[in-house]
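Okay, got some structures for you below.
Two complexes come next, and they have one chain in common, chain A, joined by chain B in the first and chain C in the second.
Our next item is the complex of A and B:
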């Protein structure tokens, strides 16, 4: 469905440019400014997104001519990927551009991949579509298991994948969870996002997802685009989303990036944010609550403390008094604690910790 | 099966120490030296492994007492993991040690995870077992698809996973492919190892594994322990193993680590090496052979050239004239090329390239 929309939008872009040429007007391409000044926190939705400032690239303006041509070249290539029904990475796109354009031009239109990356973001924003809808694959990292099935149409085949039958491994979260994919028989009470794969493996061995009727996802650190879309789509089915990370600024920022997005990814807006997410832990308060954790804390490094102090400056974080209190504790005690430490006394305690937190609604906003 | 052996060996270790104490002898622990001087290239097998130099840790020698106690503590903990039939990561083990030993001792027995890591390697070598057999999970990264099934017994359940029905994602290679796991109905002509996930996704979309009757695996860069064991076990079924990486010293070294192991992993020996592997490409010679590649090369950085020059010094590499010729081309032309560049002219060319190389037996040793 999205692919169809993407194709129509690419055609529309081509038609507009064509019409301008026919009318004798200079062809142009309008997109939304992605620079810091146009990033805002959308209080209503609860995520970072771009404002309304526009930017126009004009073919006949010398300084913009190259960028304009590059954008058109990318639009043209991805239109062909859609038509051929083939996918590639942005690195593959880069080589396609470098190959086909290098021949007919004095200078190669694309020297660095950085150039094509930025222009893909422009195109996503200008047309209001995702790169995945343009058949561009992205980095994969996350893993999922739990009571649901995936109907997957890809490469001319259709498979139904039961996420309760993936054994010790779980199912790897793909690059694109929208096109040619359906979620079926979702029979979960909630979604649990676990920062580290090691903890995910621990919970998977305990069949936590079966006993608790939940879907467990690990982004393996910062969440990939595919993982964020997967969580977003499940949240759209009214499933609560709980996030469980290390107790330090980096772990907490993984939570915040899932919840509100980040500066760099603000152009993606709500499609890749889950403002409904709640933070289960690990919190600085846990160190006081669970006495066995006291001797398992780690001394925070200067960079950890600096990062915590930066987070204190983000209005979408510091509007929550609970988070200010947690961040202040980091600055004061200069301690941190890993989620792995919850296994210190008993390997299976991780699941008990999560169940207790959810039962007592003991989470941070 | 391995777990049973591991348990017996842990018990044997305990019994030896106990007997020494009863006899009034100082308890000791003997392992194989893992330092550079005891690493050799085994010409017969074709992999890096440890030599015969031993090291003894004596409880009553002041400088060795701490290490001895740490080793016994790790043996004790992993024995409990086996008995409880639960797994954890080495980080989880570290916290278990830190927690349980911290209580009864003046100083904490484990201050840094680095200490426990090195001692786990000691234990693997001393007992001739793998950490996976001690229920320690390791980092996961690789993905696999193709004509085979996995029977997986884990966490009290049994699943049969058909690796032809994993859709766009493939099956994530787990941490342990030995214990509680069987490979069934392997109906492949060969194993193809593809360095980058982006290329694996490309081949998976083309259903390359179906058309070619092969198993495609991406380690996603350097291969994890699980991925290396998976390839080793498939090679033990007499399937040829072909490796396909970037054309630069880093990509080539991914091949060499799969084939012969590396200095750091020499203690693992043949269990994690695949000396039978053959290198399909990308080679420097391909730049001359496939004319479209000429304009898709990248200038090698100083560090690339330096690494190539180092590789030239490894006897297990420089004994092959084909590799010396390739490395010399890097030093001379200072160029490199990514496997992604094969898509420059046509997205589906990657598969054609691989088929042609295999058909013409055009590989490097």
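Our next item is the complex of A and C:
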């Protein structure tokens, strides 16, 4: 289990530093540089990840002294969480570590939460583990329904959850889908990721997942860490992943984050990206194909245009001529269209649209 | 000849009456400081020549709007009756004018200028008492502007054991103020470079301030030196030749009255100036001949003038005074050899830097104290070579980020028989290249020592700060580390870490 690995790695970190100190050597540990210059696109895997530039954190360097102490404190505290089998948010961790460094010192171990975020990332990178493995939870976001079951060991209990029996609300994706959780009886042909909750509710009401034998997931906007892990794990069961978003730079960016990962979380690499995913729509070309959509476009905002031209600059996007063509259309027409617009003529058209796209293999890479 | 002289003197008094700003009488505060300056420097000079430790008492009373009565009393040798009028009532009286001697007051217009100012602004003469320890003379002194002759009235002469000079004068169009340009600041700076003097000043509110004596050492008597050919003008040469009574031939006059003029040099001059008869009586030299001679002086290779006549304050005394007056954290004073400007005038620059300590607590920042022959220069800072030079130093190179914000006082004193003042107001040093360069070198010499001190101190302080910062984290780290590594080594880790921090930052 990941937790066991995390536990060992935390202890190992402690042991290494401890031994250095006993030998009279300056306490230090190595981590990988997370700055822009060390973010690479891995052509082979198809995801963003960190390069090889390393950085050393040294306790005896004044500028790193405090953060070094804080990182070790986080390591020790999360090791206790693992031991006690308790979870908390990074805010909870912050409160656990917000105490005075000494009676006569006007300084706390942590003064504000902002201090801890970067250090948690340091620890993740240095040890090659995820914060979820350290029992640090993030806000839940994302809903699933479809033919599969989940065995959830939590709070000393074990439950089996059937994702075909979640009614109108679906199953909410937890922050960690790796520890104490097993996916069973996955009986789907593919996975459909739908940007907006409203469209997910449409498909759920239409029993789309039942008719199509698929799993429908909405990240409700940008995908959370948990949702990305969930899609990754399902994709690992050889299920194709299709993504369906608004036709604008924002929606497309949601697709690309799912596919290649984001710059901010580049350190997570392949575990949080799904390079094999495909983009179903909505595309600019759809406007020409489905004539009723022509009247339903909206004017693109400045930020959409800006984001579109940024995306043109990313090598992992501009290597696909189909995408360059789409982005150029945005820059030229300055228009966009929401996925909700597909309900313009007929509410249930959404399902037909998706089926037709998949059947005709009409997707973008 | 007589009429010419009368005309000359007439113009001198009239000229300065019309141009009193040239003597420092411009602005109410400045005029008052100028007056105090003239009396104080006269007393210092007189005491120095007589080998007396000066003790000056001054009292100022407000008598009306912008009107003050000033009483100055010193313990000097006093002024003999025959000179008293000239000293206090005749412009350019010549008691000092043609003596090549290093003194604070150089042009002999000072105290008489004050008398003039008193007459101009209040119509009242100056009252003086002068005693030599046996007899005293008391009188009123005024100036006859038309003839530039002193006028003494109400003369009383009687036996007395008083020794010294008392001057009482009332001035209008002046103002007492406790500012950087005021009387008290002037006296404070005077005291700084004249630690052998004791000055007591009672201000118009009756409050007395005493600048005590901090050394019993009387500065050496200034030596009168002969002028060097490169240091004089045609006008000087004409005056000297007219006054000559001992030598009747130009060639012997030149050899006898000027330094470094030998027979060989006179022969060189003869070759260059066949139109001049070197056997003529120097009294008969014409203005044109003087001009030609001074012109040719510049073409001859002279031995540099002797710098014997120059008396700097001295490193020890500057240091001592700085400590007494400012109580700074560090004092550095440069020691420089005499240099020469305009090819013939020797001068010595002393630069002292005081930093931190009492300067910081007094809130002083980036102060430049200018002195010429130990007399403070308070005015015209902008046009003074000292200010310009000090500001032109790249202080960042000396670990002083922003000169104007640092707790630093830079003292520069120029000593010379002829200080190159910008004007007769004697408040600013002219930007002559040799002088500016030497000021810069002196200031930089002192700055380097300050830099070494500051950077050493800064490094030590930085190391201490770093040590303190890291030490705060040792306990927490040790406890977390011991637990994380699953050992009981907390105490051992603490010890080891503390040791490492100490070793790294000492």
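By our rule, the second predicted complex is superposed on the first by the 357 of 365 C-alpha atoms of A that agree within 3 Å, B and C clash if a C-alpha of one lies under 4 Å from a C-alpha of the other, contacts with A are read in each partner's own complex, and residues count from 1 in each chain.
The rule we apply is simple: a contact is a pair of C-beta atoms (placed from the backbone, for glycine too) under 8 Å apart; a residue touches a chain by one contact, two chains touch by 3 or more.
Predicted model only: the values in this text are computed from it and were never measured.
Counting the residues of chain A that each partner touches, chain B and chain C differ, and the larger count belongs to B. Contacts of A:168 after superposition: chain B is touched, whereas chain C is not reached.
In the superposition on chain A, A:13 contacts chain C only, with no contact to chain B. Of the two partner chains placed around the shared chain by superposition, chain C is the only one that A:24 touches, whereas chain B remains out of contact.
Once chain A of one complex is fitted onto chain A of the other, the partner contacts of A:75 are limited to chain C, with no touch recorded for chain B.
By the touch criterion defined above, A:204 reaches chain B but does not reach chain C. In the superposition on chain A, A:338 contacts chain B only, with no contact to chain C. With the contact threshold set out at the top, residues 102 of chain A are in contact with chain B in one structure and with chain C in the other. Interface residues of chain B facing chain A in the complex, by the touch rule stated above, are 81, 84, 86-89, 91-92, 94-96, 98-99, 102, 108, 137, 139-140, 143, 150, 152, 154-157, 159, 161, 165-176, 181, 197-198, 201-202, 204-207, 292, 295-296, 338, 340-341, 343-345, 347-348. Per the touch definition, chain C reaches chain A in the complex via residues 466, 469-470, 472-473, 475-477, 480-487, 489, 492-493, 496-497, 499-501, 504. Looking at the complex, you find that chain A touches chain C at residues 10-11, 13-15, 17-18, 21-22, 24, 26-27, 59-60, 62, 65-66, 68-69, 72-73, 75-76, 79, 101-102, 105, 107, 109.
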